[in-house]
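Beneath this line is the structure, given in structure tokens, with notes to follow.
Per-chain residue numbering starts at 1, and chain names A, B and C are given in the order in which the chains are listed.
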Amino acid sequence: MTDTPATPARQSLRDWLQAPTASSPRQARAQAFWRGWQRLIANRAALAGLIVLVLLVAMAVIGPYLTPYSPLQQDLTARLQPPSAQHWLGTDDLGRDILTRILYGARITLMMALLVAAIAGPIGLAVGATAGYLGGWFDIVAMRLVDVFLSFPSLILALAFVAALGPGIENAVIAISLSAWPPIARLARAEALTVRKSDYIAAARLQGASSMRLILKHVMPICLPSVVVRVTLNMAGIILTAAGLGFLGLGAQPPSPEWGAMLASGRQFMLTSWWLAATPGAAIMLVSLAFNLLGDGLRDVLDPRND
Amino acid sequence: MTDPLLDVRNLRVAYPSAHGYSDALRGISFTLGREKLGIVGESGSGKSTAGRAIMRLLPPKARVSADALRLSDVDLLTASEAQMRDIRGGRVAMILQDPRYALNPLKTVGAQIMESYRIHTRAGRAEARDRTLAMLEDVHIRDPRRVVDLYPHELSGGMGQRVMIAMMLIASPELVIADEPTSALDVTVRGQILEILNERVEAQGAGLILISHDLPLVSDFCDRVLVMYGGQVMEELAARDLSQATHPYTVSLHASLPPLDHAVDELIVPEYDPSWLTEIRK
Amino acid sequence: MSAPSLEIADLSIAFGHGRARVQAVDRASFSVAPGDAFGIIGESGSGKSTILRAVTGLLDDYEGGVLIDGQMAPRPRARAFFKTVQMVFQDPYGSLHPRRMIRATLMEPLEIYRLDRRDDRIAQVLVDVGLAPEYAYRYPHQLSGGQRQRVAVARALLLEPRILLLDEPTSALDVSVQAGVLNVLNALRRARGLTYVMVSHDLRVIAHMCSRIAVMTQGRIVEEMSVEDLRAQRAQEQYTRTLIAASRAAVTAE
């Protein structure tokens, strides 16, 4: 044993991942993941988007422990202060530290975006894949429903739902999800239509696979990549809608540090204290951009036509 | 015999891959006069790359080099893109496997043939139309006046390939490269198409390169055959000598075909000698 | 005399309605004895592959009878049917799910039919088709065309069917690769006593694989003959003669 040179664990992991042939299912899956990862980080823009998002998540998780201020604690003696060493991004009209509020707001924004993705993605995927594969009356009913939803601009639709459900973050999430799943369903259906006649679906049918199994294990994995890409690209829109609802006073309610609500309240002071509106605005822009870049990169990685 | 029509010496093509460049052609050489040359090989042998390299139709990322790549008086390696446009379709024509993908689905057959004629000859509309009709007749289309106004999807496979031949040969090219021209066709129309191709090429005195995976077909149709494997020419021989081929690759390729005349228990599966992949130095 | 393994009786299949109606298969009949290899040769659009799809039930809208061991095949096909009849598709690039590991593809029938010793069975069937068991841990894009087609054969064999339908199994492959796949198919048939129905446009392949051959054109079986008659060019119908002549042209004409 002693004559084998000691290889660092990291090196051998790399070898394991890059071995020309896999010798276990785990290794095969890890290798497939590794190759996708290599392609993703080879794409500079996608990498940049990913880094921004990772930083943002890290900030949302640990940021609040780093700042001495509370997002809600008012200090009327320190109103509308410009950025300084004490308040890096200044204070708002009630003397609250804006950086602190942005950090706490990141939690709200990310939580909303992820919740919407977690609700709308699977619903859209399930409805679309099922409709595309089964066809017939299920397809007709599901797609007419989608048409109805798509005939309204999503913000207007979300507004209508929130108006009916009442303002608040939970209701905003439900409202945005309701307006976000139909385009995903339509996309998934288009993908499902292209594969339903393929030989590998026919082959699986000859193995006795039920429709349920075919949809879950064969059609959905084919639709999944484009749905993931679409949801990632939609994240920007979801965040903007969430911010828009907050801005209109229908999402998060004051004094919650939601970015859209912050933007709305900063609007009154735009001419005198620009940082009130610019900071949440920039945060929204940065996150939307990061999601878009990542989505573009994912499209290149996940699209099987690029293999 | 005068100067060769096409002179290819040590042609190499490499494509970028995950680990640097990977070779598709590793130094092939041949000359072509006014004759029919077959290039035979299996998928990945580089046979199609060779055809495309002559037309300079490889993707821009491909790295191409050669000691010589000449079409009579033109150096194809250094020719400008404008010169190449003149050569493609004008002096060198290419016929592809499937006419359904090679013809524009939105234009009538006649319009496409006329266009390819007028690009290379500056002929007027009336003359182009006459030539088109004559050309369709030359490829044995019975009713050219009707076919001229058809769209590609209205043609059968064999008819489509005749139209392709008419379109490619109307500008009287000196060299025709046919890349698997009959692979997409039914066996009963294959013979007719090859017959027509042969007739036209001979009538116009052009050279022909037939690229195919089908050993019997090539040996039957061509004068000379290059057998390719792994981006190199394994063997060059007169077509009628194919049954007496000496290179083990050619022999085993021939032997792996199921025979029609007698039954065999087991087919011979070619075994590849890694030494074939080492580069042949001259 | 036992019942034929597979019998097709007056099978008719039409696509489309009204003016666009196309009779893809027109009253086709044949029967295949157990352990026999039956070939259907025809050109594109002759309806030969359509017959196979009707036998499997992938195409359910047919008239006439499909009989397995003398019994009418249930419509729609019951699960048990697929333990008797399996099919290998033409295009090895399209018949394997691009995102599933070979192991997952091969595991599927074993899960559906709740069979035991799953990993052993997968390893064994891969060896049977001439692949190392480690191929189970690859994805389709890591395999060549010939290897993919072997995997497709392996998948069809996992349920240990008695009848295997082969839809141009080697037309997408190089001849050297084709030789290997055909050898595997022949060896399997002998070892397991399988009944084959093979569809092809390639006379050489059909002659090598099958003992009886049906010639199809425009949806109809115009002639059924033995392979000996085919090799000796003893054809009754003009179309068969043309087909044989065209297929031989490249070999004999000088």
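Assume contacts are C-beta pairs under 8 Å (C-beta built on N, C-alpha and C of every residue); 3 or more make two chains touch, one makes a residue touch a chain.
If you're wondering where the values come from, they're calculated on a predicted model, not measured in any experiment.
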Contact graph of the chains (line, ring, star, complete, other): line
Chain of greatest Cα-centre distance to chain A: B
Rounded Å distance between chain A and chain B, as computed from the means of their C-alpha atoms: 51
Distance from chain C to chain A - Cα centre to Cα centre, in angstrom: 47
Averaged-CA centre spacing for the pair chain C and chain B, given as whole angstrom: 33
Residues of chain B defined as touching chain C within the complex: 42-43, 157, 186-188, 190-191, 213-217, 220, 240, 252-253, 256-264, 266-270
Chain B contact footprint on chain C (complex, rising order): 43-44, 145, 174-180, 182-183, 186, 201-205, 207-209, 227, 231, 242-243, 246-251, 253-254
Chain A residues touching chain C - in the complex, by the definition given at the top: 21-25, 27-29, 32, 198-200, 202-209, 213, 217-218, 221-222, 304, 307
Of chain C, residues touching chain A in the complex: 56, 58, 79, 82, 86-87, 89-91, 94-101, 103, 108-109, 112-113, 134, 136-139, 141, 152, 155-156, 159
